[in-house]
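Below: the structure, in structure tokens.
Lettered A, B, C and D in written order, each chain numbered from 1.
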Amino acid sequence: MRKKISTLLTCSVLLALSACGLGSSGSDTDSDDTIKIGTLFSVSGAGANLGDKMRKGAELAVKQVNADGGIDGKKIDWVFYDPAGDTSTAVQQTNRMLDSDGVELIVGGGGSSGIALAMDPITSGRGVAFIATEGARQIVEPAAEAHPLTFKTTFNDTVMVERLIAFWKAHDITRVAFMPDTSSFGQSAQEELERLAPEAGIKVFTAAFDPAANDLTPQVKRLAGNDPQAYLAWTITPAGVTFLKNLRSVLGDSDVMVMHGFGFVDDRYMQQAGAASTGTILVSPKLPVWDRIDASDPQQPVMEDFATAYAEEYGGEQPNVYAGQAYDAMMVAVAALRATGGDTDGEKIADAVEALGTHVGVTGAFKFTADDHSGLTVDDVAVIQWDGSRFVPVE
Amino acid sequence: MDTGLLIQVILSGLSVGAIYALVAVGFGVIFNATGAINFVQGEYVMVGGLSAAMLYEAWDVPVLVAIVAAVALTVLLGVLTEFGLLGFGRLRTPASITIATIAIAVIIKGAAMLISDRDTYALPSVLGAGSLQVWGASTSRQTVLNLLLAVVAVVALALFFQRTKLGTTLRAAAGDSETLQTFGVSYRTTARWAFVIAAALGAVAGAGLAPLTVMSFDSGTLLGLKGFAAAMLGGLGNPRGALAGGLMLGIAEAVMSGYGAAAYADVVAFVVLLAILTLRPTGMFGTAQAVRT
Amino acid sequence: MSAGLQISGVSKAYGGLQVLRDVTLRAPAGSITAVIGPNGAGKSTLANVISGFVTQDAGTVVVNGATLPPGRAMTRAARRLGRTFQNLEVFTGMTVLQNVAMGAYSRQRGGHLADLVRGPRSRRDEREVHEAARALLDRFGLEGRADSLVESLPFGEAKLVEMVRVLAMEPEVVVLDEPAAGLPPASALPLAQTIAGMAADGIGVLLIEHNMKLVMSISEHVVVLDQGQVLTEGTPTQVQQDARVIEAYLGPGPMTTEELTR
Amino acid sequence: MRGRRGASDGTRRRRTAWELWVTIGLLVVLPLLAATDYSLHIWTRMAIFLILLTGLNLIQGVAGMTSLAQAGFFGLGAYAAGISAVRYDLPPLVALVVAPVVVTLVALLVGVLSMRLKEIYFTMATLGAGFVLFLLFGRMVELTGGPNGLVGIPPFSIGGLEFTEPIMRYALVAVLAALGAVVAHNLLVSRTGRALRAYGASEPAALAVGASPFRLRLLAFGLSGFYAGVAGALEAFDSRFISPSTFDFMTAVLLVVALVVSGAGRMVGPILGALLLTGIEVFAADYADYEPLIMGVIFLVAVQLFPRGVAGELAVRWEERRERAQRTGEAAGPAETAETARTTRTTGTDGAPAMIEEVGR
């Protein structure tokens, strides 16, 4: 009996494996009425929360495009996999999308910079365009020489840091306590901040923390010894809530500036920090404050439409920045595809993206060029504040 | 030297250490009963904290009621864990049980991810949000409660192991089914009780942890491993050792965060684990035989 | 110094309990020396001290004139001292042939890394060991069992395999710890023949045994342990008639045949 | 007489050899079944798992000591190779040699520190070692590229010949995997492997015949590190990008569980385990949200169904049938045999070389 089961198991594993290889030798690559777009986001594993938001953003874009009749009559056939935060799984899935599923274009790089960096050589090697939704600038730089087919719809940390520095200068802040987490998100920002701040005459004191940490008071207290005027955390994890609570607990009522990076722009996080989050200042795309900015801003209607459609689609949930970035990435791809007339050749798409001029998206007005595959500038960054119940722009 | 920072480091260490201690005690209880390492322990913490917070946040259940319900749910999960491991009578060695606990931990985590829809949930402290100021340092009121919980749990367990019949059996068993038979108790019965106790301890740790941070489906795994390091530090299976080990590990991490390279703070637990196994494998207060003869 | 095993002044205490007290005895080459005594007399501890599983507090264990390092079991094989165990210790999951080949382990000199490439030397070595093992199995009538997993054998045969494994070490001294334990009475005779055969080959045999009939029938010299001390020693006949022995075993009263043969 | 001996002498060895030929055969046949670029990529991944598991099998399956350091060693090999190539411009061939050497040295160090521990404590020491390595990959940003990973690893090349074609990449990994299987097989059928197994079965008896557990186990652990080092270097040159996430605790656990489920201690265990790992990966990808749940359930069911592993269970049935055939008409009944089994110290009782079963004893 048990022998039968084990034999069965062995055989089925073998069969399944060879079937997945055999059955799909690039068979359905060129079906005329659809365009296959592949996406990886980590909807399980450590960054699952974020990955889920990104998936929703991309999914919304696909639904909208298909509902509008697709791209020149071709519907998007969307292929989605979950690498669960693991780069080698992502590499395998990227190969699967390109070699087996017949994916013609990839949007979304797994939700972590490491994964996007791992995917880029594969997509580039096959001449496939790749529009990433991850932060690290190495994904697309240097654009013209090394990454001609790869774009991203996120802010370079450089842009964010420049905006921060301008903000600090305007508020006469010269001493900053910086707490990045030890993930790639925090580390990339740390590199940029420690590179750019000294040039601007700002002294940065850094203490990193583990994203899984449950108490950050030693770091806060230690940094407090340097008398900083502002505390800035850089994380996408719930540890940011602990940061806010601990900061309030250690510093009491002192009126230092409490800041977070764009990874933490999330209503839920802010609410969960309770009173400790009130007054927190964040650098962010304009999306969270779309209803508080000048209606003459060309981005305003785009953001409003997106926020409304998203809330409608996902039961009243407010989109966060990550959902916006994924939506933008998909829409940039669609715009380029419309320009090429549905041709998915990597170089043609890349040319089309670079020729889009200004693509007004929900997280910024993208201006891609041959040398800039990020497309966002300091003008797209807003400084916002949590007033205890919602985000508002800071003048 | 900045005494404020020193006090802060110690307070932080005690705050996190109390949680580690509760987790470590749970590891010890299961180890004594089955000889296995229960990798589900960290997930009990997650389920306890996350379900309490979800009940509170999503269904407006009063905090205390939510905590009690969460503990009950986690205990149920503990019973189910025992069934999943031993209910089929096929896993007989500590090593195979240990491996099966990993599978169960993965299942619980995967289910929690879907049920919580990957969201984070917060739980307020039953003592309110305020913080305590101690000689220029500060900590949340919850920390005091957590320390108290850890001490009470350890004392209660120590008494339980020494004074009650079930406790003596559990302690004497140490995973040896033959010994158990001479006691006239079945292996399954003691194992089930051990899982009930361990799950309850985990849930309490989770409910105590939630107010310090926020809970998500991912909150348990690393905490479990660190709690295990604490258990080894104090001596696996010894409740008082677990308390000491937990607090010391917490303080060691805080010292690294406050004085050393903060980015390496989470390496501390595992370096401690390696060091203690190399230098004194029975832990500082342990009696178990860890080295081959 | 004479050939065989010489134990001098061995003492061992666990906590406050003195298990062995100044034990001195000899097991000369080519003869069978038995150690008997009631439960708790320290027989097993003595076997463990000799074979290095227990470190004695005092005293020496000497094989063929060389003092053995206390408490280092794995050095015994190189000194040609083999032992069997009271509870059957065979290598489950391995065939009978492999079990016996393991006995030759310490006689094989090839390096472990050489085994990775299985060079000609390693292969020749293996072939020799297997041939020797096979010859031993033939001698003890186990040739039909060579490729059976050892745990599939009846208990008596498994015990025999353990003994053959010891012989594969080409030992000069052998310590047999309760070889008759658990065996049906019918197996006693072949066992006695096997043990006698060892002595006939020139091996010094130290037989630790409960079964009086076996002990009395094949031993040349019997040592009686009681409460960790040598109570008396002598030929089987002398020992059997010693009043102290009878008392130690049974308390006051006559020893019955039944008791003696168990 | 002579002939009969030769025949029966070979039975056991031939059976192990058969398992070796299955392994090598599959490595040759699988790409023929499906030779698209994607399937070759999958087979390459499978072959890397095979090398990892072959190494793990030596310490876990044969020596009976579960190691949770294999993922960390895998990562160390990948980083050693990647860093050699990227930061020090060493030729890939040199990096492929450097990586296993580095990992072996680290494994020996960890082994020296932890080898005297009882099994479960040893396992936890390896967990600690694996975790420290994993965390260091993420923290030593200057050297490893940190959590973002190490970019710019060149493809493998010998002389001017670059291994960029999928079939060549597969061939490289497959050849080394086959070589690794042969070496592992040599070890298993030699006295060294015999002694390692013996330790799992009866420690006192093994000591009594003079086998040094410390040295033998250290050798097995060092070798498991060597295999992980080779696998790591191959992973680095195959993916041409490495980041810490690949070498985390979960990977360590998956490797151990896959080996247990497929048959620790058997020659054929690693290839079954590698097929299982790649199979689940491919299969689960279609169920994104439920992947962890599916994974956990599969492993729990598998561990409960095959505590000795699939190969172990098969072997038990095989042995039993053979014994029954051989024993027909003989005096010794099965009842007495079972008695023997109970008296021996194995818990796995009925005949598997079920090393994993003995680990905790």
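Just so we're on the same page, contacts are C-beta pairs under 8 Å (C-beta built on N, C-alpha and C of every residue); 3 or more make two chains touch, one makes a residue touch a chain.
No experiment lies behind these values; they were computed from the predicted model shown.
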- [ ] Could you work out which chain's C-alpha centre is the most distant one from the centre of chain B?
- [x] C
- [ ] By CA centroids, point me to the most central chain in this structure.
- [x] D
Open item on the list: So the centre of each chain is just the mean of its C-alpha atoms; given that, what is the distance between chain B and chain D in Å?
Closed with: 32
Open item on the list: Suppose each chain is reduced to the average of its Cα coordinates; what separation in Å results between chain A and chain D?
Closed with: 37
Open item on the list: Can you compute the centre-to-centre distance for chain B and chain C, using the mean CA position of each chain? Integer Å is fine.
Closed with: 49
Open item on the list: Report the inter-centroid distance (CA atoms only) between chain A and chain C in whole Å.
Closed with: 72
Task: Touching two or more other chains - residues of chain C - done: 53
Task: Multi-chain contact sites of chain B, meaning residues that touch two or more partners - done: 110, 113, 263, 266
Open item on the list: Give the residues of chain D touching no fewer than two other chains, as numbers and ranges.
Closed with: 139, 213, 289, 291-292, 305
Task: Chain pairs in mutual contact under the definition given at the outset - done: A-B, A-D, B-D, C-D
TODO: Going by the contact rule at the top, pick out the chain B residues touching chain A in the complex.
DONE: 2, 4-5, 8-9, 11-12, 15-16, 19, 110, 113, 117-122, 124, 129, 131, 133, 137-140, 209, 212-219, 222-223, 254-255, 257-259, 262-263, 265-266
Task: Complex contact set, residues of chain A against chain B - done: 43-46, 48-49, 51-52, 182, 207-210, 212-219, 221-222, 225, 238-239, 241-242, 245, 248-250, 252, 268-269, 271-275
Open item on the list: Which stretch or stretches of chain D touch chain A in the complex?
Closed with: 30, 33-39, 41-43, 45-46, 138-139, 141, 146-149, 151, 235, 239-246, 248, 251, 272, 275-276, 278-279, 281-283, 285, 288-289, 291-292, 302, 305-306, 310, 313-314, 317
Open item on the list: Touching residues of chain A toward chain D in the complex: what are they?
Closed with: 2-3, 5-7, 9-10, 13-14, 16-18, 20-22, 24-26, 43-44, 80-82, 84-89, 91-93, 95-96, 98-100, 112-115, 117-118, 121, 136, 138, 182-184, 187-188
- [ ] Would you mind writing out the residues of chain C in touch with chain D in their complex?
- [x] 51-53, 73-78, 82-83, 85, 87-95, 97-98, 101-106, 108, 110, 112-113, 115-118, 122, 125-126, 129-130, 134, 146-149, 151-155, 157-158, 162, 165, 169, 182
